[in-house]
């Protein structure tokens, strides 16, 4: 096996004595679409937060593209080529749809503060490129007609799509999607999954997808990791996961509690 | 390009205002009282706009803006009165030193959020004031005598440059980075915006122009004293932008013009002025917390749909 | 024994800061608002005490009680009129309103009676007691005793009474407290009443100790008390007391070693150091934002 794009080695984090996640080993090869599933509170989002620099793991190592990214700030992680969406949509609500995407596109532009203040030609060129690229991203998600709407005025499903468009505009190699289908109906979910497959091809992406609902990722992910109580309990293809007794127990156990 | 045309349009508009007022001043239609009022308006607009970039654009709640104004006022006064440098050099140095002060204050305090940041900026502004109060070189509590050098031309050019720089900054990828921080700092960070950097940049630009405004202020009032830059002054600047609409540049400009004009008429009744200020402020905060203009700009009120090429 | 003298001075000043700081910390703990007007309630307390003593010829204790009662009513009115609508407002709107209320009280006071200071009458016995070589005014001891009684009373209210339990519940989680049948609005009012009463008491004590009061007297002690609250850990009642004493002692020491003009700067430098190095203060807990 060649070098994976992303590698987590024994990572773990403690919040004041409480081990939220421990001994997680994962890898993602370039171009893979991998699912990370687990019951509520299993540590999925915490893992994402460690990957993106929001939390610094208290143990273990994270390598991306052969470099350690542990301890980098979120914006630095983003510059390395990891982009994410949030479970509880975090759009720039009072800005337009277009500006939301442009902000993520920020790091790909080069014109300096001085050139913007003095309105030098590099500013106009840079801004024009950003505008063009951002609209392209919006088109993929069929949001270009709403480009001047405020993000908060979009319906829920579109807000979720805008978040993905925004994450994509940051130019990632690895895209982390945190429950992208949460709150969607089955039809919208299906459309979203098709869209994810499409952008993955189009942009040559590697994708890590968190889902709470197991059935959802089964169809689309090549490999699946299962977290429970902060630890990996299983890894494999959907078929293997489906029949794994530990997974069934984790999920059934939760079902009973509900 | 469409956008650069808008830019020249604004500049032409500014020139027309300047020419008209200058003509009225030259012909004696506006006397010294109005000239002084116009200069004060310009200074307050500069202060408002320079705080707007910190609070309105970047969402960092600073209530110590008068501290940077004080730095500019004193530095420029030292330049012209003690070192015998020309006024323009004093203005430029005032801006630079105030910007450095902004950097020194901003780097440690901008890690704080919300209330804590507000209190830290208030603390820094008080420390700056106490320093001037205790340094005999600048006259301590008695203050420092300063020659009158600020003219309508200086003040107006100052306003135009301030508005242009801050508006150009805001309407660029850098300004959008700052807006993103205001909207959601965590998301901005995750989208690759170096939040600390942009917060500090906005703070430094704001301090720079507060310093320039301070220089113009110092050379308009014959004397500067530390008490002129106390919390009350910071509060006055805050009122302009809160009332005008947090996030609205034209709103803060209009509020600054309007309130300065009113307070000139109420000059003989300072208590009444403060009572009116605070009552209006409380009412606006309770019933329209986004300020009169919200985040809208004046031009948005005229264009309902189809907003394109709206850069200054 | 000069240092003992200074220590006593520091504790006296600190006890006044502590009394004001308690109101800041309680209000912040329950509605997360820096009540900028709190320093002005302290000023109003001083004036009410002044009128009670000079016009109605009351003694210190009755004047103190009157000031506390009136201030608690004023505190509740401020909360109901200005702050109640702000519960879900942005921080900027809430803080701006609080600053507005503060200026409104100060300048309304100036509007009606002018900015001239008043000389506080002597109401307490003035005999010097010699302890370990330090001359200690009997007034100082009296004031310290009153402060300590008030603090014990507060501890009793917060920990042993029903309203105290409600206050702690609301500050922990207002929504959950409401579901448990606690009247959140009344609890918040009670918090303002208690905090304002303590500020009012501090006003009367300040007046009789420093003998000079004016309409803007609340600004600086108000800010200092807030610094004390931050120092102790905002939201923490013991923190406010400890923070108040520490700040009072530090200020006195800075003055005593000959830097009295820098006394106010010292307080603000402490504030900034605390905010940067340990924003949760001595007794506070760090809270991280959920992503």
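Things to note:
Letters A, B and C name the chains as they come in the text, with residue numbers starting at 1 for each one.
Here is the rule we go by: a residue touches a chain if its C-beta (ideal position, glycine included) is under 8 Å from a C-beta of that chain, and two chains touch if they have at least 3 such contacts.
Not measured: the values here are computed from a predicted model.
Touch-path distance (fewest steps) from subunit B to subunit C is 1. Centroid distances from subunit A, each centroid being the mean of CA atoms, peak for C.
At the centre of the protein atoms shown, by the Cα-centroid criterion, sits B. For the pair subunit B and subunit C, the distance between C-alpha centroids works out to 33 Å.
In whole angstrom, the spacing between the mean C-alpha positions of subunit A and subunit C is 48.
In whole angstrom, the spacing between the mean C-alpha positions of subunit A and subunit B is 40. Counting partners per residue, subunit B has 186 as the residues that reach two or more other chains. Looking at subunit C, residues 291 sit in touch with two or more other chains.
Residue positions 54, 86 of subunit A each touch two or more of the other chains.
Listed in rising order, the residues of subunit B touching subunit C in the complex are 55, 61, 63, 108-109, 111-112, 114-116, 118-120, 122-124, 126-127, 130-131, 133-134, 186, 231-232, 235, 238, 242, 246, 271-272, 274-275, 277-279, 281-282, 285-286, 289. Those residues of subunit C that touch subunit B in the complex are listed here as 32, 34, 82, 85-86, 89-93, 95-97, 99-101, 103-104, 106-108, 110-111, 219, 223, 226-227, 230, 261-262, 264-265, 268-269, 271-272, 275-276, 279, 289, 291.
Across the interface of their complex, subunit B is touched by residues 52, 54, 73-75, 78-79, 83-84, 86, 90-95, 99, 102-107, 109, 111, 113, 116-119, 123-124, 126-127, 130, 148, 166-167, 170 of subunit A. Interface of subunit B with subunit A (complex): residues 1, 3-4, 7, 165, 168-169, 172-177, 179-180, 183-184, 186-195, 201, 247, 295, 305-307.
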